[in-house]
Structure formats: C-alpha cells, structure tokens
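Labels run A, B, C and D following the written order; every chain starts at residue 1.
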Amino acid sequence: MGPGALATQTDIKYALELGTLIAAQDWILLSGGRKEGVMDAVNKGAKSAGGLTVGIIPTSNNEDTSEAVDISIITDMGSARNNINVLSSDLIIACGMGAGTASEIALALKAKKHVILITDNQPSKDLFAGIDPKHIKIVDSPKEAIETCKIILKNQ
Amino acid sequence: MGPGALATQTDIKYALELGTLIAAQDWILLSGGRKEGVMDAVNKGAKSAGGLTVGIIPTSNNEDTSEAVDISIITDMGSARNNINVLSSDLIIACGMGAGTASEIALALKAKKHVILITDNQPSKDLFAGIDPKHIKIVDSPKEAIETCKIILKNQ
Amino acid sequence: MGPGALATQTDIKYALELGTLIAAQDWILLSGGRKEGVMDAVNKGAKSAGGLTVGIIPTSNNEDTSEAVDISIITDMGSARNNINVLSSDLIIACGMGAGTASEIALALKAKKHVILITDNQPSKDLFAGIDPKHIKIVDSPKEAIETCKIILKNQ
Amino acid sequence: MGPGALATQTDIKYALELGTLIAAQDWILLSGGRKEGVMDAVNKGAKSAGGLTVGIIPTSNNEDTSEAVDISIITDMGSARNNINVLSSDLIIACGMGAGTASEIALALKAKKHVILITDNQPSKDLFAGIDPKHIKIVDSPKEAIETCKIILKNQ
C-alpha cells in the first residue's frame, strides 16, 4: 500500500524493489491497482520478476489500472475499497505516507492485521505504533520489510 | 466520529456535550451508530437536546445499534462503512483516537472534507495536520469544535 | 424502490401516491434518492405530505440527488448501494420494473425481507414469487400496498 | 454465478463442467467463492483442469471459502459484493437460479455486461431477456455457454 500521485522518488524506488522481492518469494502481490505512484511501481517491479499481481480498483472500469496488474477486481466503491485491500492481504507493507495510505494502515490495525511500515514520516510511526504496537513493525528498507514478513508468516 | 469500546472518560464526556451542542444548532447528527463509547454518548447527548440522529451501522442488523439512533442505515459492510460516514457528513468532528477513528480522519482528508480534531494524542495531530493542514482544525473543547464548524460552514 | 430514467407514467403516478401515503402513516421513506423516475416521485409525494425522506445515493456527491430528499447518505459505491437500501428498510415496496429494481427485490429476498410488488411485468411476479412466496406480496395499487405493509408490520 | 446451498444436482453437474471448460480456454474463473453449490463446483472443475480461480468472498475471513479458490478477495460486505462479482467479469455465466443469482444477473444488466443464462427457470429467462435482450443469451448446456462466450469476446 502506498501513495498514488503524491508518492516521492524514494517511495517509487522502494516500491519497485518491493515488487521484485515479493515476486521472488512467489508471493502474490495485491495492491490498490491504479497506474500511479507506489501502486504502479510495485506492480511493475513484480511483473519484471515474473510475479502474479492483483489490483483492487476503486473505479468502475480499467481506465486507471496499472498495465502491470494481471487480475483487476473492479469495485466501483472509491476509497471504501481500501478495506478490501487490507482484509484480502496476509500482510500489509505500507510504503510512503498520505491520506489513503494512512486509512489503509488504520483499517488494517482495526482488522488486527500486521503492517510493515517504510516511511520517514515520524508522526505516522508514532501514531500507529501507539495504537497497536503488536501489529506494527517499522523498517528502513525493502529488504528488511521482506525479512520481517517472513518472520511474521513463520510465527503465524 | 470516535472510538467505541476504547473511548476514554474524557472522550465520553466530550461526546455527550458535542451531541447536545449539535442538536442545539438544529444540525443532524451522523455517526457510526454503535452502542459503545463516543458513538453511543454523542447520540444520547443529541437526543437529550431533542436532536435528530442517523447511524451508519457496520453489521447486518440493529443488535449493536445505540438506542439513541433515530434512523439506522444498515450497511453490513464492516469498516468499509467508515467511508460512507465521512462522505455523508458536511463536517467531521473526531473526538478521541483509535484505529477506526484514524481511518475515518484519513478517509475524510482523502475526500477533501474538513475535520475538527479533539484529542490529546499528539502524533495524530502532527500526522493529519501534516497531510492536509487546510482541512484539519485542532480544538480543545466541544464548544470550540462547534464554533469552528460554524466558521467553516459560513465560509463554504 | 423503482426505476429511474426508464420509469413509466404509471410508475411515476403510483410513486407519487405511495410517497404521500407513506408520509401519512408517519413512516420514514427510504429510497435510492436520485432525481429521476420513481425515486424522485416518491420523495416528492412524501414531502408534499410532510414526511421525512432518506436517500441512499450511489455517487460521491449530491449532484443527482432528488431535491425532495431530506437526509442523503453518500455511498460512492454505485449499484452496490442497492443492498444498503434493502437492509435498511423494514419493508420494501417495489414500484415498476427494471435491472436496478430487480436487483433490489432479489437482494431483499436474499436478506429475508418482505417485498410488496406493484408492476404489470408478469415474469417478474412469477420469478420472485417462485423464489420466495412467503416474502413476496403482489398488489394492484398504492393503497393496497400500504394496507399490506400494515398487515405485515402488525404480524412482526 | 449460481446458487449456493439451494443448487440442484443439474446446477452442480453443469458448474463442474463449466469450470473445466473455462480452464481449458485459459480463462481466469471468478466466482462468489463460497464452499457450496455452484460456487464450489465450478472452482473444483477449474482446478481439475489446471485453471486459475478467484473468489470474491462476502465474509471477513476464509472459513466458508471453497478449497478450490486460489485467490480469495475478502470483502466483508455480504451481498453487496455481488456487484463486484459482475463488474470484475468480462462475461457472466449464470448457472441455476435463486435470489443471489437473480441479483447478480440484474446487477450485470444494470452495468451493461453480457450474461449467458443456463437454467430451466422460465420466468427468469422471460424477465431478464425482457429487460435487456441485447445482453442476455439463453443456452442449454455448458458447451453452448462457452461457445457463446467465444463469439461475444470475438465481437468486442
């Protein structure tokens, strides 16, 4: 999960790397699916490494869907689809920060899902670790994010 | 908007007062509608002052609906209903903090809605004011919240 | 519940009368809320008789909302909001027939809600009475619809 | 799309065959995903032929998900997820009839999607062909359903 139009250069770079690493684990990538920012980059990364990609699309058609999404789920329910994103994921990696991403992290914690957070936004780390320290892991790189996922999955 | 089971005593006190003040303005109160915490208290406050109350219910029936809700909208869509809460509101007052409340504030900012925030949770103030300073107002009391609403409505 | 743009003259006439009769019973009218066809007419009928009206809106704002809707619930979830329409209603009156209306009747029967049907579309009567004869009542006029509602509510 | 617990023996037989034929075309199967009736059978058919299967799940976890679903999208939105089922499909094949299936056909026609109908329920054929003859094709066997899909896809 991560920002669309407001993603930073670092967010995009990390998202590309995350997509590649997720595909290398043979995990299925699920994202918000739009052709912008972190969503587009993580799907492109996963496809470059031969992964399978699923996009949960907020609109009623595929006009804004990333070309790197294999399976697009058309919800036509705007930001309410953010709850489907997190419920359908075994683990959530949040890369970058913004209103949509913050809503997904909060919805994930509400559903008792584990969230791995890569961002330099300090208040978001403080807020979400304060709300549910057990389900938030803060990491500094895509590689550390994947290693953290592996540990969480092993313990489940 | 505000926490259910995890609401603090201050959250409850403020919610009761907010409900009373909202009804005194002849505004319709819209909330998440459950019979817990801030949701229950704000509805009770509004009814005590003769207001009209609408609850957007996450479950498939009224078993967990506050008795002080006049009109219950049954969504059966869990936390995805949080997006309906904010889209249907002219203004959002967030009282207290938790995973559900944080998701509602984030969804409200995503939809470019004004949010008035009453909480002593400093990271949440820093995060949301950082994401969209134009749409976040931080206040210290229910009375200040209502005065802030009136100013925003006047300028719209 | 009933068609928008494809409503017939009879559908519109009946919807106006239904709105008036629903308000006369002091019932709250809940509809799909758009400013077309049966939705617009039933809300206008209810307001003409001093009723309270709630609209469950499929889009993200009130641009297409009937002016006779008092409380608009903004879902931004397109036709998925049809399920909220039926779950939030104590009883459903379906006036006229079309794709949207048929989906609402079917969703109502799925949720074990009572549906009163006014239409001259014979296959729809045969289909829905065949699926769940216990929850379908077929009537010939708005007055008969309201009398049927009263009997069902008395027995609940 | 098709009934769960109320599916007939013929519905189940046809669903198994449809799943096998869909996989043989290298199409992705999307269904309501529950472990009952047509949903379970069509997924099992597809997996027996090496297909890829996606389930749009109405509940908040996988307790009722068919074991033959590869990718489960957890919506937690009950029957409102029926609209996602049809919007996400290039074509809809409805096998059997019931309240849920009727709602999906109606929502599909509302969204101008093509629906291929296999059922001996005559009123449903009359109703839906009457609502939108251009988007309804009535067939008598799984093989004819697949041939009809191929013709529609070729003309799109």
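In this section, contacts are C-beta pairs under 8 Å (C-beta built on N, C-alpha and C of every residue); 3 or more make two chains touch, one makes a residue touch a chain.
Note that the structure is a prediction, hence the values are computed from the model and not measured.
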item: Higher-contact pair (C-beta pairs counted), B-C versus A-B; value: A-B
item: Far-end chain from chain D, centres as C-alpha averages; value: B
item: Computed distance of Cα centres, chain C from chain A, in Å; value: 40
item: Inter-chain centre distance, chain A versus chain B - centres from mean C-alpha coordinates, in Å; value: 28
item: Chain D residues counted as touching two or more neighbouring chains; value: 60, 75-80, 83-84, 111
item: Parts of chain A lying in touch with chain B, wherever the complex brings them together; value: 77-84, 97-100, 102-103, 106-107, 109-111, 121-124, 126-128, 130-132
item: Chain D-facing residues of chain A, complex; value: 28, 54, 56, 60, 71-77, 83-84, 87-88, 111
item: For the chain C and chain A complex, residues of the former touching the latter; value: 60, 75-80
